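Note that the chains take the letters A, B, C and D in the order they are written out, and that residue 1 is the start of every chain.
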Amino acid sequence: MKKLSLDYKQLPLIATMSLFIVMFAIGSMRYTGFLSTQVFLNLFVDNAFLIILAVGMTFVIISGGIDLSVGSVIALTSMVAASLTMNAGLSPWIVIPISLSVGTIIGLGQGYLIHYYNLQPFIVTLAGMFLARGLSYLISVESIAISSPFFDYMAGTRIPLGGGNFISISVVIALIVVLFAVYVSLFTKFGRNVYALGGSEQSALLMGLPVARTKILIYTFSGFCASLAGLVFTFYMLSGYALHANGMELDTIAAVVIGGTLLTGGAGYVAGSVVGVLITGIIQTMIVFEGTLSAWWTKIAIGVLLFFFIVLQRVIVLRTKPK
Amino acid sequence: MLKSLMKSKLFWPIVILVIILLINLFFDRGFFQIEVRNGRLAGSLVDILNRGAPLMLISIGMTLVIATKGIDLGVGSVIALSGAIAATTVADASEGSLAPLFAAIALAIFVCMVAGAWNGFLVSRIGVQPIVATLILMVAGRGVAQLVTQGQITTVYYDPYTFIGGGYLLGLPFSIFIVVAVLLLALFVTRKTAMGLFIESVGSNPEASRLSGINSKNILMMVYIFSGFCAAIGGLILSSNVASADGNNAGLWYELDAILAVVIGGTSLMGGRFYLMGTIIGALIIQSLTTTIYSIGIPPETNMVVKAIVVLIVCLLQSPEFRSKVFGSFKAKKAVESEDDKGVTLS
Amino acid sequence: MKEQAPRLVMEGIDKEFPGVKALSNVNLTLYPGEVHALMGENGAGKSTLIKVLTGVYTIDKGTVTYEGKDIHVKSPHDAQDMGITTVYQEVNLCTNLSVTENIFIGREIMKNGRIKWKEMNKRAVELLKRLNLDIDVTKLLSSYSVAIQQMVAIARSLNVSAKVLILDEPTSSLDRDEVKQLFAVINKLKSEGMAIVFVSHFLEQVYEISDRITVLRNGEWVGEYAIEDLPRLELVGKMIGKELNEMSSISKERKSSVKGEAILHAQNLSKKGRIEPYDLELHKGEIVGLAGLLGSGRTELARLLFGADKADTGELKISGNKKVLKTPKQAIANRIAFCSEDRKAEGIIPELTIRENMILAMQGMYGWFKYISKKRQMEIADEYTKLLNINPPNPEQLIKNLSGGNQQKVMLARWLITNPEVLILDEPTRGIDIGAKTEIMKLMVKLSGEGMSILFISGELEEILRTCDRIAVLRDRKKVSEIVNKDHQTQHEVMTEMAGGV
Amino acid sequence: ACGDAEETEGTGNTDTPETETDTETETDNSSEGEASGDEGASEKLVIGFSQVGAESEWRTANTESMKAAITDAGHELKFSDGQQKQENQIKAIRTFITQKVDAIVFSPVVETGFETVLQEAKDAGIPVFLADRSVDIEDDSLWATFLGSDFVEEGRKAGNWLVEEMADEEGPVNIVELQGTVGSAPANDRKEGFEEIIGDHDKFEIIKSQTGEFTRAKGKEVMEAFLKSDGENIDVLYAHNDDMAIGAIQAIEEYGLKPGEDIIVIGVDAVKGAFEAMAAGKMNVTIECNPLFGPQMVELIEKHVIDGEELEKRIAVEESMYTMDQAEELLPTRKY
């Protein structure tokens, strides 16, 4: 399967995009008010943090690893940001860098452990996940509401796109991250080394690539993205809370994989992951528009949509494979 | 002798387990005591086995899945599903006859194996990546479970049902016997038939296995079904133990603990060699850790941190690189590779 | 050239793996502008020596002096920075990247922090031209055969201006034209004063290109000789520690024209884009060779007969009755065996032991329930370890820890054990030392004598000529002709056909 | 109990399509119908309800009550289940706004972090009704009213009951506490309220406190551990919800003690299971936390949206406390 999707590498991406469009069309036909620019834009507004997470995760997964800590890091970041702002009353200009360093440091640590003691990413980041969440509990089990001009501004500001449509600052941040990541993955040594690493770590090593540096950098970057996402999430929620983003690591991984990245590593695109996020987002939106689903039907519906989506994607890929 | 023992995959997990137990001893002198209370063996060790039963079961199934380079995120939901189905079947069954019990068990196990087959189908036939394929069931399965219980907590008033997870046999919790049975089954199938060999080869190099005339698709199918089977039994034990089924919370996050157990046990997520005994010990480590946390009065908000630290220590101790750095024991960093050929026999 | 200072000196090198002493007290001295051949049987320690030199493994004991000063190489990355580039034995590239990238990754052409793809592609094409290979460099490496991949690996190493170039069995899957090109390049580099280490099991290649030889015998340093003081037979003697009766001893009474009905009969079998429709008959006890240049489609042809790929057209008759082979399993059920050329990707199960790798196919035949008893497995493993003298002779060793050649032997064992009626060998002698090669040739002849039919693919025409009854020649994915192997004439015919008629 | 729950469920599903078709007409004219919308209390409203999830049977009962009340009153319900995720709830509310509903009811998964979206609702002129849980936002103009229980109060009730019960004990009274999901509002507040009361009496001591994650299984497991370490000298068990209490009761029995006698058991929620336990004399008291305030809520909504009345910012759900001796006759009447 790996070989196949490698040979037709752009295919999953294209499949994903077209399927997204199809879904959007279905939604528009089925529900009133679905076919509107704002509904589309809200996909970004409501998932800005997920997009940022997905970007970081894409690098990790392409390199053949995985990072389960991201969800908890969001919680921790939000907690740190909140407590520093509200309890310590620090200015944003101090809070932001500190918050960003939180995930970055955790990521760095994970990368170090994974490489130098060659531990399995899954487990190390699982520990990271426990740790980050645990630390946020230690800060406080209560949720901390944030009311500071800066955060209110970041949260409240709407960037109008005409026709009453708008996006938030977070969306802009997310898009910048995406562009940056696309560039890195396609036009820098680091970016390419990530792919090589995912293809075969042993080969990468024998080809004399800086495996250690690359690997550690990957997890550090993912950690950074998690922190950034954490901030964006904090803008979104205007609060710090130890239970924030529970289980979001899975949503992220799902988005990335749906976006056509191979979990076995070596193949994938940042852009794909973005589409992946939009897909999960649109599934959520359709559920809400449906507006009658009870808790369990919601779960089932998500599963079913996910299923149809994934299978369609596979089918398209297989069909278009020349015999 | 010791040297070969050190080489065994099981050595470090066992050491860790012992350490955790000793820590308990430190807090509670009578930790290792096992007394007979009204005809039953009682004591922390028994409890750990008893409580750990579901996790051990799930992990056994997970081990085989992981050995094929796969992963099964669905188990948690399958646990809930199995409990829900069984509980609703016996919910208002009349005492006396055992028929409802067996009906419930059969039905639950069947449905869950179907669920497993579903995963296997997606992975082996459609070629969906395991993590996504099983993610579907992880989400939807819990939904179905809640659908079955209508989001209520279905309480069971039918006593025989509580025997599965609460009953005692020969003074030991019945669940322990179930684990042993399943474990023996797994050991037999993987070590006394060629199944183990096939699983390992498919996990290690699928293409080469195909060219050697192994039907990897069916192998995949089977491991996922087996994983479903294990989850089903685990679910039965869990729900029977509290005489009720909770579609929403039963088996929540079990998949992570199971994977953790497998990896602690020495099986690599990259597939290939697997160590069932290691997995069992891994599961026991996790369970005794939880019990420890509860019994030595750690404030709940620090649970996570403690768990994180322990997990890290466990992994580090198992990493030859780390050991050589700390104890300076092993020489070449590649040398470790040949540890692998030991331990197989042990597991 | 001796009077100038050596560029690299390795002295008293020891390397031990758990249970295996791979190197003990080995020396190697490299002078600028020389080609230094490293010779030894399979498992002698050549690759290990190279790997400790380039920092893949740590050195247990001994010193390495590079341009006068002691060095401790920590990683291949280090080695490259010092000017030591290496083509390792197994093709170690990333098949998920394009050919271009595999050549350039690590030293991409950058302009103000941005990779220049166009330029790199251009350069890549030029580089491969030097080895006159003309392929689409933007395609993924995975879409090319081992041979191509090996060429790419070489191209990669030529792309840098190194002081020391190490080639570990670079020619194992190339045929003479490629080799000729390679040697041309090597000679050029040599004249530029580069020190080159060359490992190969092809004596004529060694004698053609190298100036001096260092011989290893299972981990021990035997000696260092100038090429002219060491005639072939002596060299072989030093390698295996005893006299060798040369291949010439292999002779088989050639089956005259085909008699009786074909055990395997393909009628215009084909697969689009891979191999044109072809007919092929294989009779009982017959050895048929497939000759052709690199990429001529030999492997593809073979894969169809084994059901490794599904054929688009044509039909296959097995001892008379029509069969459709969709999977290798079916083929094996019909007593067909196929030993792939791509040991790493399609052969070994790295995580498993020698024993398990050997019995895999046989067990596959029996199905999962009829488990071959451990005892029986042991017997089989021991038997074939001896037969092919696999080193180390410990069936419980993980195959990934074996030397290249020994892995190849295990692959052979896997299929011989199933004792098939039709045995397809795709480059079975790749990376195997002459001793073993001769053994395998003998074995083939013996088996065919006992009635086994063999389809034999090899880059080395001599091997084919020496063993085959008939030779099918392929060119550009097409079976162009079939020649009965009778006299010294045949060689010439085959070669003209391979090259493309007159 | 579950029976009629199913019925509402069922009907809810069956007439989905047709409700949808008239959603369109509805939402369309509701936009300009806003101004002239005041006449006739029988006017049909579109009400969006964003629920936390279905984490407990209490929650499910609450959902059913709300759904039933809304549909029975002839209004159209737009329901969204948050799956215990705040971001989902925010998305849901956003969508309700884009769908131009007439009123939004929602039970926040956590008190903080809804400013932005509530502001959006306010700007869109859609009144928001908080159910069950409140939000902590200074600007209380962001919501019409909050109808729900006060977790801290529940904690106090539990504490007070215990104090009275133990009035003539001369201590020390050893209490073990089963907390809810760490960090969740009920857990925090019920702990706080309880400790606030017993804090004044130094004969009470909480010797162990651990999370049972609101579930029976965990409740049982944790209680077992408690019994292992402290066994006989546990006098009181305070569980943040009945499910955990029920689990713990099993543990106590298996350990060989009598729940309700050897160890006093206090729970919160007053779910059916608790009554069964109390009827069987295994549980002493449960503090009610009433989920069945659907009708009450619908009333308020109609008052506010149709008749344009201003409402109290905080309206408490009438709740009481049930003890062993009442359990017997009340049991049949419990709906959930």
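Following the convention adopted for this analysis, contacts are C-beta pairs under 8 Å (C-beta built on N, C-alpha and C of every residue); 3 or more make two chains touch, one makes a residue touch a chain.
A quick map from chain label to UniProt name: A = Sugar ABC transporter permease YjfF; B = ABC transporter permease; C = Sugar ABC transporter ATP-binding protein.
All of these numbers come straight from a predicted model, not from anything done at the bench.
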item: Any chain that touches subunit B and subunit A; value: C, D
item: Chain located farthest away, centre of subunit A as origin (C-alpha); value: C
item: Centre distance in Å when subunit B and subunit D are each reduced to the mean of their C-alpha atoms; value: 34
item: Whole-Å gap separating subunit A and subunit C, where each centre is the average of the chain's CA atoms; value: 44
item: Geometric centre distance via CA averages, subunit D-subunit C, whole Å; value: 71
item: Multi-chain contact sites of subunit A, meaning residues that touch two or more partners; value: 137, 141, 294-296, 298-299
item: Sequence positions of subunit B contacting 2 or more other chains; value: 146, 151, 248, 301, 303
item: Contacts with two or more other chains, residues of subunit C listed in rising order; value: 56
item: Listing of all chain pairs that touch each other, if any do; value: A-B, A-C, A-D, B-C, B-D
item: Residues of subunit D touching subunit A in the complex; value: 9, 12-13, 16, 19-20, 23-24, 27-28, 48, 51, 53-54, 60, 63, 77-81, 83-88, 90-92, 94-96, 98-100, 110-113, 115-116, 119, 136-138, 181-184, 187-188
item: Touching residues on subunit C, where the partner in the complex is subunit B; value: 15-19, 56-58, 60, 306, 308, 327-329, 331-333, 338, 340, 345-353, 356, 360-361, 363-372, 396-398, 400-401, 414
item: Subunit A-touching residues of subunit C, taken from the complex the two chains share; value: 56, 75-77, 79-80, 85-86, 88, 92-97, 101, 105-106, 108, 110, 113-115, 140, 142-143, 156, 272-273, 312
item: Footprint of subunit D on subunit A - complex, ascending; value: 31-33, 36, 38-39, 42, 45-46, 137, 141-147, 152, 155-156, 233, 236-239, 241-246, 284-285, 287-289, 291-296, 298-299
item: Residues on subunit D engaged by subunit B in the complex (per definition of touch); value: 2, 5-6, 9, 53-57, 59-60, 63, 179, 182-183, 207-211, 213-217, 220-222, 224-226, 228-229, 243, 246-247, 250, 254, 256, 273, 276, 336
